[in-house]
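What follows is a single structure, and I will ask about it in a moment.
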Amino acid sequence: MSIAVCPGSFDPVTLGHLDIIGRARALFDQVVVGVAQNASKNVLLDVDTRLALVADAVSGIPGVSVAIVPGLLAAFCREVGAVAVVKGLRGGADFDAEHPMALMNRHLTGVETVFVVGAPRFAHVASSMVKDVARHGGEIGDLVPPAVEIAVRAALRA
Amino acid sequence: MSIAVCPGSFDPVTLGHLDIIGRARALFDQVVVGVAQNASKNVLLDVDTRLALVADAVSGIPGVSVAIVPGLLAAFCREVGAVAVVKGLRGGADFDAEHPMALMNRHLTGVETVFVVGAPRFAHVASSMVKDVARHGGEIGDLVPPAVEIAVRAALRA
Amino acid sequence: MSIAVCPGSFDPVTLGHLDIIGRARALFDQVVVGVAQNASKNVLLDVDTRLALVADAVSGIPGVSVAIVPGLLAAFCREVGAVAVVKGLRGGADFDAEHPMALMNRHLTGVETVFVVGAPRFAHVASSMVKDVARHGGEIGDLVPPAVEIAVRAALRA
Amino acid sequence: MSIAVCPGSFDPVTLGHLDIIGRARALFDQVVVGVAQNASKNVLLDVDTRLALVADAVSGIPGVSVAIVPGLLAAFCREVGAVAVVKGLRGGADFDAEHPMALMNRHLTGVETVFVVGAPRFAHVASSMVKDVARHGGEIGDLVPPAVEIAVRAALRA
Amino acid sequence: MSIAVCPGSFDPVTLGHLDIIGRARALFDQVVVGVAQNASKNVLLDVDTRLALVADAVSGIPGVSVAIVPGLLAAFCREVGAVAVVKGLRGGADFDAEHPMALMNRHLTGVETVFVVGAPRFAHVASSMVKDVARHGGEIGDLVPPAVEIAVRAALRA
Amino acid sequence: MSIAVCPGSFDPVTLGHLDIIGRARALFDQVVVGVAQNASKNVLLDVDTRLALVADAVSGIPGVSVAIVPGLLAAFCREVGAVAVVKGLRGGADFDAEHPMALMNRHLTGVETVFVVGAPRFAHVASSMVKDVARHGGEIGDLVPPAVEIAVRAALRA
């Protein structure tokens, strides 16, 4: 049984993420969505909220689970027995940023990183822009699942 | 009458920005330079200073005005009736970073983003480097308008 | 009145081209589609067929005309009085290839090149792939206008 | 059982190709190497020789087979029941070139393209350079399998 | 006698940095490794520790020295009489980020920036990832010199 | 004494090439311009003409000579005792194309490839565009040395 990990900050999870997770699931028997405990950037949502929102969003998809990545992604992949990390690519500059990380993860535990192309209709969806749009009162209902919209608006009011 | 917006942090406005603004003006009937209120990075100059320096720099150019962008760029474009956002591109990685934002702005209000190429003689001019050069005592008189040089040096002494 | 040129080989014109032409038309008063007489690559369709197919495809759009570009694009732009060349960009590598040409055209006649982003739903549509798909018996009806499909299939049978 | 296709011209197959094929095999139950009948560029080796050299090179790897791709890659993938096309990426410009093709193949038959990163020690190995080195009397024994070296040298003498 | 500068934050120096320094030394008579006093990002190690670790790592290489860059890199290059800044490139996006800085340094003092390609076997080694791996208890003994590993682990415990 | 090679097709040599050659000469004691005998593309000028035009253009620069590269660039570098190949880069996609070649040349003979950035004022100058402009009757006098203009116009009349 082949297992893949879809890693990220998921601050918050978007329809773009769910598109990539679905593609990963079509390629591998099981997908574990790995939510980074310590996201590198200032996050809007705490890790438990981010985890819960992903769990809710993927609850209907058989073979997809979610877990917190407490430390190194490579170590997490070894623990869950993943053969692959699956990431979406938007453009060449994305690849250039991911390239050394993919090699490092392979170096650390042999896990392979595979890159897929998201659905073009989500090409404008990214967590950072979702937060920016919401912060300024714009519509995000067509960018994220309903529960995420509620959570983001709540967090922005806090 | 076609209106375009040239957005940015303008911290501070440089000769490179003015080159792009001039090109936008040659393509559209009116150009509104949009100064971001909440620039994403730590700014050296407050928004009023940034606005005043742009206003001073474009005061001689008919059809160019300047305003603060208080929230979403897309909303600002709708308010001023702009058909286009005009941005300068330096290289492919620039485009890759701008691509999802252009699609998001189009998604939000239908405004088109058009990319132009700056004059090669300003290829070395960027706000971040202008501040870095000034901070270490280097010459910036050939990178920014005279009033900007004065303001930057004053802000760095503060 | 502002005039823009949308240049290309149009071998054949695709729904992706028409998307860019429509965006150009929304930005400028008039758009002249410029069909390169001497396309650099081996073309499937002769220049008159390429011109006729573009003419047919844009016949319903007010303010859009089509002409053959017999020599330098820059000279053609000067002749038709264009202020801008409009091109679609797919990614950073595209921009890197277009960058020196944009500077050369500006150098020769001062015409500005502006880059726009096509609709994501046409991200997979390119003339070379349309011909490849048709050559191998695939469906191209959702990639090109009906008249183009007929012409391409006829040319491939010849 | 998951099946992936590794497509290419394989003119000739190199150690770099075999590295990618091995990675694909570690991710999927079966890998079919697809040798393009009509390679787009002037090939040195005819398709039967290219096929035979790949067959020889992968003969020791369980779960890897080879076949000629007579037409569209997407059609070939449907015929062999592949869920994925696997390709190696060297850099961002590679991705930009592959991006529309990946979307087209998905559009035609739903097959997903997944990109992996080759082993850095083969970063200098490409079929075009192998032929160029051999043509000028350089060593290629550490770039390709032994049988390929013999075949390339024979073809260059012909 | 030709002098080159290898600049960086060196937070910490890695085997990848030493590879580039060795390549610079093979091209120029003398190499001065320039350790940025004010690294732009949050550093793990203070500048004296970063300097000492570089000094230790290059102590065995004739013609290589190390110094702190207190301000502008261009001014430092002029002081040490350097004709060139030598930097390693990993990909196209790296180049796009370096391009304007190279032009600015040339503009300020005429120093040329030359880019070299690192050894592929270090393609996964970057200071940021070294710190990340160490922070989470991973092995870094094959990424940095022994003294660096000790210093990084000590700093992370502090 | 350090020797560098500036390779190319030089079909024809342009002011952009001469800019890069001058930069190489400022970094190394001697520069050998290497004119490829078998340029990969259809050349306008035969190799002797291309060699003669480079020889004429660099005749006034001490320490710069020119020679034909009859086969592999790496072998040529070994013969002339070069430590480096010097190439100009325009953008990230250029780098991505050069990267594997640089690694291959290093693999074959240990020669290092160093990339420099050309003067922005020549960013629009490339041999292919020079020929294209001349072919259509445009001005090339500010793109190439006078002797080159004469030779190109003569070749185009032939």
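All chains are identified by letter, namely A, B, C, D, E and F, in their written order; residue positions are counted from 1 within each chain.
The rule is short, and it goes like this: contacts are C-beta pairs under 8 Å (C-beta built on N, C-alpha and C of every residue); 3 or more make two chains touch, one makes a residue touch a chain.
Keep in mind that what you see is a predicted model, and the values were worked out from it rather than measured.
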Next item on the list: Please identify each chain that touches subunit B as well as subunit D.
Entry: A, C, E, F
Note to self: Measuring between Cα centroids, what's the chain most distant from subunit F?
What the structure shows: A
Check: When subunit A meets its copy subunit C, do both sides use mostly the same residue numbers (more than half shared) or mostly different ones?
Finding: same
Check: Based on the averaged CA atom positions, which chain is farthest from subunit C?
Finding: E
Check: Centre to centre, by mean C-alpha position, how many angstrom separate subunit C and subunit F?
Finding: 33
Check: So what's the Cα centroid distance for subunit A and subunit F, whole Å?
Finding: 47
Next item on the list: Find every residue in subunit F that makes contact with two or more other chains and list them.
Entry: 91-96, 99, 103, 106, 120, 123-124
Checklist line | subunit A - residues contacting subunit E, complex | finding: 71-72, 74-75, 92-93, 95-97, 99-101, 103-104, 106-108
Next item on the list: Over in the complex, which subunit F residues touch subunit B? Could you list them?
Entry: 91-93, 120-121, 123-124
Notebook entry, point to check: What part of subunit F is in contact with subunit C in the complex they form?
Noted result: 90-94, 96, 123-126, 129, 132-133, 136-139
Check: In their shared complex, at which residues does subunit E touch subunit F?
Finding: 2, 23, 26-28, 83-84, 89, 91-96, 99, 102-103, 106, 112-117, 120
